[in-house]
């Protein structure tokens, strides 16, 4: 437990102090505001914003999750290999601390630190929206959306971002990751086989549909369930709350499996 | 804490044998480890630190068997380790880095941990830099942080690999003294290329070559291995090619060479008293007077 | 190429292969959608791979101090590595474009702009995004941060294609004007703007990289 807490505390501290952990999401948000048409601006435009505060903050969650998770994954992509690069690993490996506990602490610590700017951005905009519209309920929905959408998705991304650079150069991971993010989240299932809208959908299609009754900002989209003629429809049952929980659990199980694989690989290499 | 190594072999992927059927006993106190680059010293130290697993053979430290997970963890609780390629987190201060390592070493009590970190920062003369980030530390200062982290848990076994690299002469002497004082009833395994460091601190020493033990004995015995083999040659011509040139100094009549060779490398060569470095070179070159001072079998003093 | 890294070598062909796989995996293919995905591999995947490789050129060079002490300015060395990376990208993209032209897939996409000028389909976004990556690398001295920034820019333009082209500056800087549409008549201006912006960003990067003391310290780890 001490090793987990120590690793979490210090990995968090080191990551949260990195200027780039703050600069990258900030620049992304600036670009996102500049292009116009995003909810970051529309939330404060009575003519453009959704009428329902739930739709507004959940829609904001979808947009920010889709966008900021990319920088989140890229910024985490060197954290596990960093100990070897900095030549600190041998000191840490010679301590009696369990390597598993250290890895878990590092995972939670760096993921939490890198998620801080994401959460600041999300809750900041949600709070501003709540004040602007006089809708305090929006903050409640924002909390629920953060728990059901951001946290599982970011933990899923973080596990791959930590483990994948053990088997490929970090830049190559970044290319494949952003390609995957587009393919696995946004590409329409009738265009090519994709994990979008399945139970393994890091943007949280099932929680969006079943927990938040979210059908896009305009109320026209569906985010989970089968598409006629699409492949992989077996992974797209009609959404229910139970399936939404299952979807979250599946993301966490995959994340745990990826981390365990990364741990096994690193252990095998150093020995 | 006595270390017993028998039949130890470590073969890396690709078939490279870093340690080859090594038998060695390391008693309590300071013990030196010498060998050329690639001799297997670092691999041996990593095995003893529980980082690398042996391919075969048995290693016990005190009563703990390093072949078992419980044994490794037990050894690591009593271990201080300073690796050759020491790294630090540049974004932590010296105090934070030591605190982190102390926590990983199981020093849970905050008050005790803070006091110990403060003491060691004092010992390595870094108190006034304790709250500066390691990013701005010189190589020598980082090495001192490394030394401090190795001593954190008051270890019974201290493994130090090239500990004086990067230290200035004063720091080097201070650290050697610190190690000697620290040893007492503990075991300190010192690996270095700086033969003088061994001579100043260790009573016993082992020499490795290509993963095998080629000498184990006292420092005096290693020195005597070069008896009758150390020569002084003064020449204004080319350097002698026979033997190993230990030093070359400008001289009124050309250059004065100190050479370790089994016979006089030039007519007129003058025989010199051997030093520890000469003994090491003689052994490393396979020319040591082995018949008089055989490598000790495991567990027995020569 | 060796110093530019494995990602620079593997990235462009891998990205192209994934694009072609995506075209082949289309469950309800039409000539139009298949042609769009194939040209999209050139316009989207290739620039992304090249840019992420370029984002890693500055920082973590173990021989950085030796480079800074050599008679060849380090920024020239870095620029050469970028040129090698883009050259390799071109060596992958041009044959792929030739194959698409020869097999007729190029012509099946209505906005193909011909065989010669049409090469700007991949060249302009590759130069634009890679130069942004190079400049971001020079500013942050962190491949992770520079990579994160260019992938985020790429993703914004993918996810919010409509919003990204809502105004003229946005349209001129839009990376995927060939396969995700732009206002008729804007295409040539868009491609030239991307090339011009790329050149300007390279100049900015070279100015920053000329201050060698910035490069000596450890990067933001």
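When the chains are written out, they are named A, B and C in that same order, and each has its own residue count from 1.
The criterion applied here is as follows: a contact is a pair of C-beta atoms (placed from the backbone, for glycine too) under 8 Å apart; a residue touches a chain by one contact, two chains touch by 3 or more.
None of the values given here were measured: they were computed from a predicted structure.
Of all chains, the one whose mean C-alpha position sits at the greatest distance from that of subunit A is B.
Central chain by Cα centroid: A, whose mean Cα position is closest to the mean of all protein Cα atoms. The distance from the centre of subunit A to the centre of subunit C, each centre being the mean of the chain's C-alpha atoms, comes to 25 Å. Look at where the CA atoms of subunit B average out and do the same for subunit C: the two points lie 50 Å apart. Here the spacing of subunit A and subunit B, counted between their Cα centres, is 47 Å. Residue positions 221 of subunit C are each in touch with at least two other chains.
Multi-chain contact residues of subunit A (touching two or more other chains) are listed as 14, 18, 86. In subunit B, the residues that reach two or more other chains under the touch definition are 89-91. In the complex of the two chains, the subunit C residues touching subunit A come out as 5-8, 10-11, 14-15, 18, 22, 25-28, 33, 37, 45, 48-49, 52-53, 55-56, 60, 140, 142-145, 147-149, 151-156, 158-160, 162-164, 166-167, 170, 220-221.
Every residue of subunit A that touches subunit C in the complex is listed here, in rising order: 14, 18-20, 23-24, 27-28, 31-32, 35-38, 66-68, 70-71, 74-75, 77-78, 82, 85-86, 169-172, 174-179, 181-183, 186, 190-193, 229-231. Within the complex formed with subunit A, the subunit B residues making contact are 46, 49-53, 73-74, 76-77, 79, 81, 83, 85-92, 96, 100-101, 103-106, 108, 146, 149.
Residues 2-3, 5-7, 10, 13-14, 17-18, 86-97, 102, 270-271 of subunit A touch subunit B in their complex.
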